[in-house]
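Several structures are given next for inspection.
Both complexes shown next keep subunit A, but they swap its partner, so subunit B is in the first and subunit C is in the second.
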Partner chain A sequence: MSRSSALALLFVAPALALVAVFFFHPLALSVISAFMAEGHGPTFANFARAAELYSGDIIHTIFVVTSATLLTLVVAIAISGALTLSASPGFVAALKFVYRWPLFVPFIVAAQCMRTFLARNGLMNNAFVALGVFDPMTTSSYLDWRGMVITFAWKQVPFVTLLIAGAMASLDRATIEAGRDLGASRLRVLVELVIPQVMPTLLVAATLSFVLMLSVLSVPMMVAGSQPTLITVDMAFRINAYGDYGTANALGVISYLIASGAAIFYLRHTLKDDGR
Partner chain B sequence: MAGTGARVEIEGLSVGYGSSLIIDGLDLDIGAGSFVALLGASGCGKTTLLKALSGLLPAANGRIHIGGTDVTHAPPERRPSTMVFQSYALWPHMSVAANIGYGLKLRRQSKPAIDARVDEILALLGLQGYGDRRPTALSGGQRQRVALGRAIAIDPPLLLLDEPLSNLDASVRQTMRSEIRALQERLGLTTVLVTHDQEEAMIMADRILVMDRGRILRDGTPEDVWRRPMSAFVARFLGADNGIAADFADVDGGTELTLIDGSRVVLPGRPAFEGPGEVRFRSAAVGFGGAGNGGDGLRLSGRVVSALYPGGRHRYVVDTAVGSFTVEESRRASVGEAVVLAVPADELHLFPADSAEGLAQHLPGGGHLRVSRPVTDCLA
Partner chain C sequence: MRSLFASTLTVAVAAAGFAQPASADTVLNVVTAGDVNMVDYVKDYLGPMFEKTHPGVKVVSVGTGPGDAGSQTIYEKLSAQKAAGSTSWDFDVLVIHQKMAGKMVQEGFLEKYRDTVATAKMFTRDSARNSLGTNVEGFVLPMFHSQTAIAYNPDLVKDVPNSYSELADWVKKHPKQFGWNGIKGGMSGVAFAVGWVTAFGGKAEQLVAGPYDKGVETAWDGPLASLKDFNKNVVITPGNAGTLDQLNRGEIAMGPVWVDMFYSWMADGKLPPNLKVKLIDPGMPGQPMYYAVPVGSPQKQLAEQFIALATSPDVQAKGIVERFNWYPGIDADNLKGKVVDAAWAKLFGDIPPATLAKNGQSFPITPYFNDILEAYERKVAN
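Up next, the complex of A and B:
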């Protein structure tokens, strides 16, 4: 090893040590303990228990997080598209001002707000009743999977919009004008010409949002207290109520596999694009 | 497949960005099937006019008719024009064939009809076999052809070209000029070209509009505009870089010029105006005159201060008592050599100066461009 590379290694050594001690070590421990049972050695018992008790919640988690990601994308694309293609500068300025607010609201506060907003007698239902859209007798609470999807999307839309609108703004404006010039409506320009050009950014935003939402504990706890819930709640419950680290770690590994699924989806798409 | 170009009528058009109007009250009539070049420096309003025609920039006032239809308030997608952009604006995620066929797809043509038309366009532009490629895998000239193909695939009654050749190599540019011109004549498309390149406008168009600050200063055939620029600004823009301030007087039916060093020159023909003005001429019109070689025109003695050889003729800068001038001459001269500059009378363009500002335009760093009153060039 040359002198200079030894020196370089010396410089990054403290950072590497921190990553090793505080990240890889606990991660390895939790993965290993997922495959261990007390006094038994290597086993799949933890996974068996996790599947037996929480398979419903695992599927529910994938469903809620996927739905929330899709809703986030749809809303973020609509806002970004309006910001990019609108002909009204006043509207664009107002939208730009408003859409970023949720960025600065923590998940827990967002969840708390949504509890009062989405409850049976919450602000949303009351507003609809006042408008005469709903009958007061038939209103129902949205504090279930729908509440979680709405809360996740509300929180993630600004972040995803920030990324996508930024990518759209950096496109060659003439590629948009060329579409309109040939006869495409704004919607067609958005769907056929703009979105395909920002696809890499869109996939990054979707993957990051998916993984982030997968790890949130506060929203499922506060918005949807009852069953079925997300596996983050189950993990916390196994540890807090039973000290059952084995099952909790098995659920952790499962959550990691779900996140890896999203990462593989992202990588396949970006690699396919680069290959062309 | 020959499309029929549409007539374009513009009345009192005002257009701009925000509250500032770039073009104010412009009238223009473009005949069906003609090729018009809008020529001018950056910021003269030529691209603004093109965008107003395409609908990408809304008109603040006035009327635009294309093919007899009022399109003043129509969005770009409802206008019968297509545009070729300076950056080509090809869609990188689509194949060449998909780029060219997109306008047809929007017009709900059947897949076989689109494929057939795309093949026809690819053949027309010499791009056979490139249909499946991505635009990013093409050279600049090929991309330019694809952009042109995309615009003409729908047989547009009006084709708008926004500096389409400015990103190309000199040799490719030469070829594309004649190709676009030939294609336009063959298809009979009404075409409006925006360019700042005087040679490009001269070669391609059959009518040239020289623009400055949102106004049309000169409108005519290339040869007419070249021979009779009608204003100092247009003359300067069309290559008459050399300028001399002079006083004009009618002396016995001739035009007497008094130059700033007090010397006098008499040119044949009565002047169209008297008083202060300026004389402009092109560097190619100047030659080194032999001693005693008289004749009509301007003769100035001076000294060579710079000599360049760009190929073909030599290019000199010659200092004289009334200013320094660029000269293109086949004879070799060295720096410091005394020479006599001779400009034939019919190569001199004479313009009145509205004010001292008018004369500032040919002086180095001399203020902003001031357009003199168009007058009939007295010697043409």
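Up next, the complex of A and C:
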């Protein structure tokens, strides 16, 4: 080994050690613990319990996180499209200024705001009632799965928009202008010309958002009631109510599996990207 | 995972809370498993009072978070240090929940200190000796008792239910007017569910005093099925605070709450002053928080003096009852003449002492407690 590569390894070592100690080690321990009964050796009992008690919540989790990812994509594409295709510089500047704000708001703060915003007699419904859109007797609370989807999307849209708008900005403008010259509407240009070209970035942004939202505990705790809930809440409950790390880790492994489905997706696309 | 998690936590807690100030000679670390209000109680009220009578002593108040999770954190740190071979640590006074108190006594983490504290004779309630079925006599003293009850808005609820069965009927007649938080969003919901199972499943004595018999569980099938049915007509709120929030906004007319939170929120203007609480038949659970001293505390004597101050009638009257709306840890008759009438009237106005004595239940012993929660998960929430 040459001296320079030995030196390079030395520089990488602390980072590698951190990853090994604080990521791979606990990951391995938690996977092992998921397959162990306390003091009784290997077992599938933890997974059986997880499936029996929490299968509904597992499906609910996939549903909520997938819906939130889709909503995030739709809104982020709309914003990025407007930023890329709008002809009004004032509008673009204002939108650029506003859309990034939620990036700097932590999930827990967003959840706390949504608790009062989305409640039956909360700010949103009260505003609609004052505007005469809703009748006060027919308003309903959004503090359930819809509240979670809205909170997640509100928080993730700026991140996804940042990625997608960046990708759109680096496109060759000639294709867009050609489309416009031939009489295509902005919407058609967006759907048929722009989105296909930024698809890899879109998928990566979707994957990253999906995995991040899968891991959030504060939003399901604060925004929605616990029946049904997301598996992060069930994991916390297993530990805090019963001191049961086995089932909590089994739920964790299920969470890894859901996330790794998304990760495979991500890797396939980034690798394809690198190989072009 | 467990040990690594605990040791990571230890580092974090040590960095956050135990940077000892250079000026004070002696530091007394008081570690509280509780919400911010309980941490502030030590930091702003008890600590300064103790420092005044003990020059050179600095009281450091650290919180590990609300609910059983907070006690779990304290336990994890102590057991990690024990596993690593430490014989002394930087916890002097612990404030812990019932479930963990029993476990820590069984595993030998706590010091037997009751006989050295003069106020010990003022505790005659069973909760000073028995913590969810474990004999903890000598190891703990209750800091306060808190109680769950049903809060309601008298403007919206004219026919206030007197019991769980009347409540079930009321909810049928008034769908979506009752809100509670299930069992994963805080202890007021847990208490409501436990109260339901006790009310309709019977064997209340055995649940609280033992002996444990796994077979008792079969008697809960009917009550849990009816609870699932009951849930169809209620709102599931996000947490203890979620129930209070929705009462405040008039979205629900009734729901289970902690009495102390209820009065504190009202005092802060976060609940309308006309709301009331009622402790329905045959009763709902409450719980004490315990003062304990870990074996190996470097400041054992100071810790005992601190607990003696905290359980003195004056502090129990002014701090626990008047400032924080908790029920006293020591027997209430020790507080006569020390609590201002208004505070006394507020605390015992809606729920008179006789009702509290009759309907204020304990949580079941730990194995029943866990069985009830898991049965709820299996049969109601699933």
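Here is the rule we use: the second predicted complex is superposed on the first by the 253 of 276 C-alpha atoms of A that agree within 3 Å, B and C clash if a C-alpha of one lies under 4 Å from a C-alpha of the other, contacts with A are read in each partner's own complex, and residues count from 1 in each chain.
By definition in this document, a residue touches a chain if its C-beta (ideal position, glycine included) is under 8 Å from a C-beta of that chain, and two chains touch if they have at least 3 such contacts.
Worth saying up front: this structure is predicted, and the values here are computed from it rather than measured.
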Simultaneous placement of subunit C and subunit B on subunit A, clash or fit: fit
First, second, both or neither for A:223, with subunit B first and subunit C second: second
Touched partner set for A:242, first subunit B, second subunit C, both or neither: second
Partner chain(s) touched by A:25 [first = subunit B, second = subunit C, both, neither]: second
First, second, both or neither for A:178, with subunit B first and subunit C second: first
Superposed model, subunit A: greater residue contact from subunit B or subunit C: C
Which superposed partner A:60 touches (first subunit B, second subunit C, both, neither): neither
Least C-alpha distance (whole Å) that remains between subunit C and subunit B when both complexes are overlaid: 47
List of subunit A residues in touch with subunit B within their complex: 172, 174-175, 177-185, 188, 193, 196-197, 199, 276
For the subunit C and subunit A complex, residues of the former touching the latter: 1-2, 4-5, 8, 67-69, 72, 181-185, 189, 231, 235-239, 242, 245-246, 249-251, 370, 373-374, 377-378, 380-382
Residues on subunit B engaged by subunit A in the complex (per definition of touch): 54-56, 75-79, 81-83, 85-94, 102-103, 106-107, 134, 150-151, 154
Subunit A residues touching subunit C - in the complex, by the definition given at the top: 22, 25-26, 29-30, 33, 52-53, 56, 115-116, 119-122, 141, 143, 221-229, 233-234, 236-237, 239-243, 245, 249
